[in-house]
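What follows is a set of structures to go through.
Each of the next two complexes has subunit A plus one more chain, namely subunit B in the first and subunit C in the second.
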Partner chain A sequence: MAVIPGTKPTRAVLIELKKRIRVAQTGHELLKMKRDGLMIEFFEVLGRARTIRQELVKEFIKSQQRLNMAKATEGTLTIKSVAFALQKEPTVELESRNIMGVVVPKITAESVQKLMFERGYGIIGTSAAIDEAAEAYESLVDKIITAAEVETALIRLVEDIESTKRRVNALEFKVIPDINDTVRYIGFALEEMERDNIVKLKMLKAKAQRAAAAKAAARAAAA
Partner chain B sequence: MEVAVVGRGDAVLGFSLAGIRKAYETTSEDELVSKIDEVMADPDVGILVLNQPDFNKLPKRMQSTLTESVKPTVISIGTEESTEMREKIKRAIGVDLWK
Partner chain C sequence: MPVLRLPKFGNPVKYAYITGRVRAKKTKLIPNDMYQRMLSMDISEITRYLEETQYKDEIDEMAKDFSGVDLVEYATFANLAKTYRNLLEVSIDEPKFLILEYLRRWDVWNIKTILRGKFHGSSDEEIMKYLVPAGELDLEFLDGLAKKDTVEEVIQAFDGTDYYVALTQYDGHMLSSVENALDKLYYFRMERAVGGTLSVGGGLLLKYIRKEIDIKNVITLFRMNKAGIDASIIQENLIEGGKLGGDLSRMAGQSYDEFVRGLEGYPFWSAISDVATEGDGISRIEARLKAYLVRYAWAISNYHPLSILPVLGYIVSKDTEVSNIRKIVRGKEADLPAELIEEQVVVA
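After this line comes the complex of A and B, so read on.
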């Protein structure tokens, strides 16, 4: 029995605790529902994250191969100079979205994919290998942007599931049982006090009766 | 907001080819750490891309701060698997659901 330390066994505290039990139970129910909801959401996001991860790895390997080809034909220096000539830079927009109180990022980006002449470097001076590498990396960046959104959402959800689970368990196995125990303890204490009182009253009554009897006897003796 | 890449050697080159300006090449581990710190403090960066082998070499503490960061969002790519996410899921759900 784990009584909340520092509670006084009075009726006022008892009433207060009974109110707290009700609050804790409603809170517990709600948190349980939140946990289940988050779980459902989590599984959905998990599936998406896994497919995107796989695609990302595939894309990454492809891009690296293409880059190596470009390096082999043109050399690192040429690729660097081509990169300097690039005009458009991929930009992303970060907003936040709310899943059951969990703030997850929502990343929007215009497609990084560009047409060949949009890239900003001369078509004639460079080989197709560079174009291919640039294209592969552009689609990789596209994938990265989606993956970043989904994976961050996943991490956030996981963190929130963990804390919600802790709170549910704390309420279920610590807070509510503790309050119940304390209520019982106060109930016992109050009963004990009542019994004490009855005994005390009985003793007082007996004493008073004895005193009255003695007085009557004394009066009778005097008469 | 922009995308930033920090990595060793050639890992960055391809990204600069995709038009990313904030592609920083680092040569040593210390440089990597200081550069990542710098990028994390940059308010213009929305997504930070790292190489998985590089990420695995970072101090554990930094790894977890990077994984938890939302703004900027950090993502590491590579053929190696990230253990951070897996561990997190395992701890929260109790079952290894990743693969």
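After this line comes the complex of A and C, so read on.
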């Protein structure tokens, strides 16, 4: 039996603890529902994350191949020279959304996918290999941003599931049993005190009866 | 466009000496069968082999700064620049004028790289690494340009030259219009320069330049039509001149299939017929078209032994050699399949 240390076995505390039990049980139910809800959400996001990760790997391999091809046909000097002409670097905007109380990021990217003539380099002096490499990398950056959003959501969900699970377990295996034990302890203590009082009362009553009997005997003797 | 003033050269036009030098230089080029052997070598073996050829000096000199594939690439580019500058040094009169006009493509390349570097905010040391001083603008001048602080200052340094008109198209936000203007200026000058020569072989060289313009335009059409870009924007990106200027301009904005069907019957069609209809990557079609152009230059280079044509043949051969070496070493570095590398290598 694990009694909450420092608990005074009084009726007021007992009433207070009974209230806490009700709150803890309601909280436990709610947290269990939240945990289950988060788990369902987690598996959905996990599925998406897995698909996106696979696509990301594919995009990465494709981009590397395209870049290697561009390096082979045009040379590193050309690729680096053309890379200098990049007009605008992509920007990302970070917002947040709420999944069952878990704040996850929502990432919006700008200027990632560009039209050929918007990339900043001249068309005449460059080649299709460069277009193909640039296009593949733009698509890869887009995928990375989506993957970052989904995987961060996944990490946040896992963290929240963990903490919710810890709370549920703490309520289920520690807080509620401890309160129950304490309630039982206070109950026993109060019953004990009651029994004690009854004995005391009985003793007092016997004493009073003995005193009354003695008084009556003395009065009879005097008469 | 600026008006190119053609210099007047006396008769007879002195081609005997330069063609003799070019014949001697041609013997130093890597033989065709060597590329096949290079495909089975590793990078260090290729570097060692190159050290036994004309690239020795550049490899030795650059070995302290670069290694592996980078060493091969930078050394071959440096050798290309040295070879072309040497051609300019040993030629006089009309051959010198025509070679210089042809090699201005490297000046355009260097100007574009410096502009891009300044636009990006790169340091002058970084920019200098990517320059190939194979044209008229020497390393000292390019170094001075690279040290300028802004794009506008670089543009100002060309005040009074033909390049200035093209460079003033810079709007402060994007370099693409300036780059296109520089490329168009190059081809305009080249067509005018070659068109003004009355020497033997001048006609064929002009035909080659026009073919190059057409091929460049066809590649642009492939790239932009496939991307579904508006006809007006595509037309802005086409080089004026060439033999098929009007026909190709009309093809701008067509659907890809319609455009490919429209190309049937042109002389270069046989080089791309199998890949163009399959809708393969445009880079593959581009590689075929470039190889077609190289082979055309080689074919005409033997028509008139004492003309500019053997010189053109050599310049193209040297460029192709550097390009082939780079394709092999970069391809090997990236573990590309041997068949894919072999397909990219252009041999006679």
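As a working rule, the second predicted complex is superposed on the first by the 221 of 223 C-alpha atoms of A that agree within 3 Å, B and C clash if a C-alpha of one lies under 4 Å from a C-alpha of the other, contacts with A are read in each partner's own complex, and residues count from 1 in each chain.
Everything below uses one rule, namely that a residue touches a chain if its C-beta (ideal position, glycine included) is under 8 Å from a C-beta of that chain, and two chains touch if they have at least 3 such contacts.
Quick caveat: nothing in here was measured; it's all calculated off a predicted structure.
Student: Should the superposition on subunit A be reported as showing a clash between subunit B and subunit C, or a fit?
Tutor: Subunit B and subunit C fit side by side in the superposed model.
Student: Can A:T73 be said to touch subunit B (first), subunit C (second), both, or neither?
Tutor: Once the two structures are laid over each other on A, A:T73 reaches subunit C alone.
Student: Go through the superposed model and pick first if A:A128 touches only subunit B, second if only subunit C, both, or neither.
Tutor: Only subunit C is touched by A:A128; subunit B is not.
Student: Which of the two partners, first being subunit B and second being subunit C, lies in contact with A:K32: first, second, both, or neither?
Tutor: A:K32 sits against neither subunit B nor subunit C.
Student: Just checking: does A:L46 make contact with subunit B only, subunit C only, both, or neither of them? Give me first, second, both or neither.
Tutor: After superposing on A, A:L46 lies in contact with subunit B but is clear of subunit C.
Student: Hey, in the superposed model, what angle do you get at subunit A between subunit B and subunit C, Cα centres, nearest 10 degrees?
Tutor: Apex at subunit A; the opening toward subunit B and subunit C is 20 degrees.
Student: More subunit A residues touched by subunit B or by subunit C?
Tutor: Touched residues of subunit A are more numerous for B.
Student: Look at A:L86 in the shared chain and tell me whether it touches subunit B only, subunit C only, both, or neither; answer first, second, both or neither.
Tutor: Both: A:L86 reaches subunit B and subunit C.
Student: Please work out whether A:L56 is in contact with subunit B alone, subunit C alone, both, or neither, and reply first, second, both or neither.
Tutor: First partner only, subunit B.
Student: If you take every C-alpha pair with one atom in subunit B and one in subunit C, what is the shortest distance in Å after superposing?
Tutor: In the combined three-chain model, subunit B comes within 9 Å of subunit C at the C-alpha level.
Student: Which residues of subunit A are in contact with subunit B in one complex and with subunit C in the other?
Tutor: 64, 70-71, 76, 80, 82-83, 86-87, 119
Student: List the residues on subunit A that touch subunit B in their complex, please.
Tutor: Residues of subunit A touching subunit B: 39, 42, 46, 50, 56-57, 60-61, 63-64, 67, 70-71, 76, 79-80, 82-83, 86-94, 103-105, 107, 112, 114, 119, 130, 133-134, 136-138, 140-141, 144-145, 147-149, 151-152, 154-156, 158-159, 161-162, 165.
Student: What does subunit C use to touch subunit A in their complex?
Tutor: So the residues of subunit C touching subunit A come out as 70, 73-74, 77, 108-109, 112-113, 116-117, 119-120, 122, 127, 130, 132, 173-180, 182-184, 216, 219-220, 222-224, 227, 229, 233, 237, 239, 281-283, 285-287, 323, 326-327, 330-331, 333-334, 336, 341, 344.
Student: Quick check: in the complex, which residue numbers of subunit B touch subunit A?
Tutor: It is residues 1-3, 10, 13-21, 46-47, 49, 67-68, 70-71, 73, 75, 77-79, 85, 88-89, 91-93, 97-99 of subunit B that touch subunit A.
Student: In their complex, what parts of subunit A are in touch with subunit C?
Tutor: 64-65, 68-73, 75-77, 80-87, 115-117, 119-125, 127-129, 131-132
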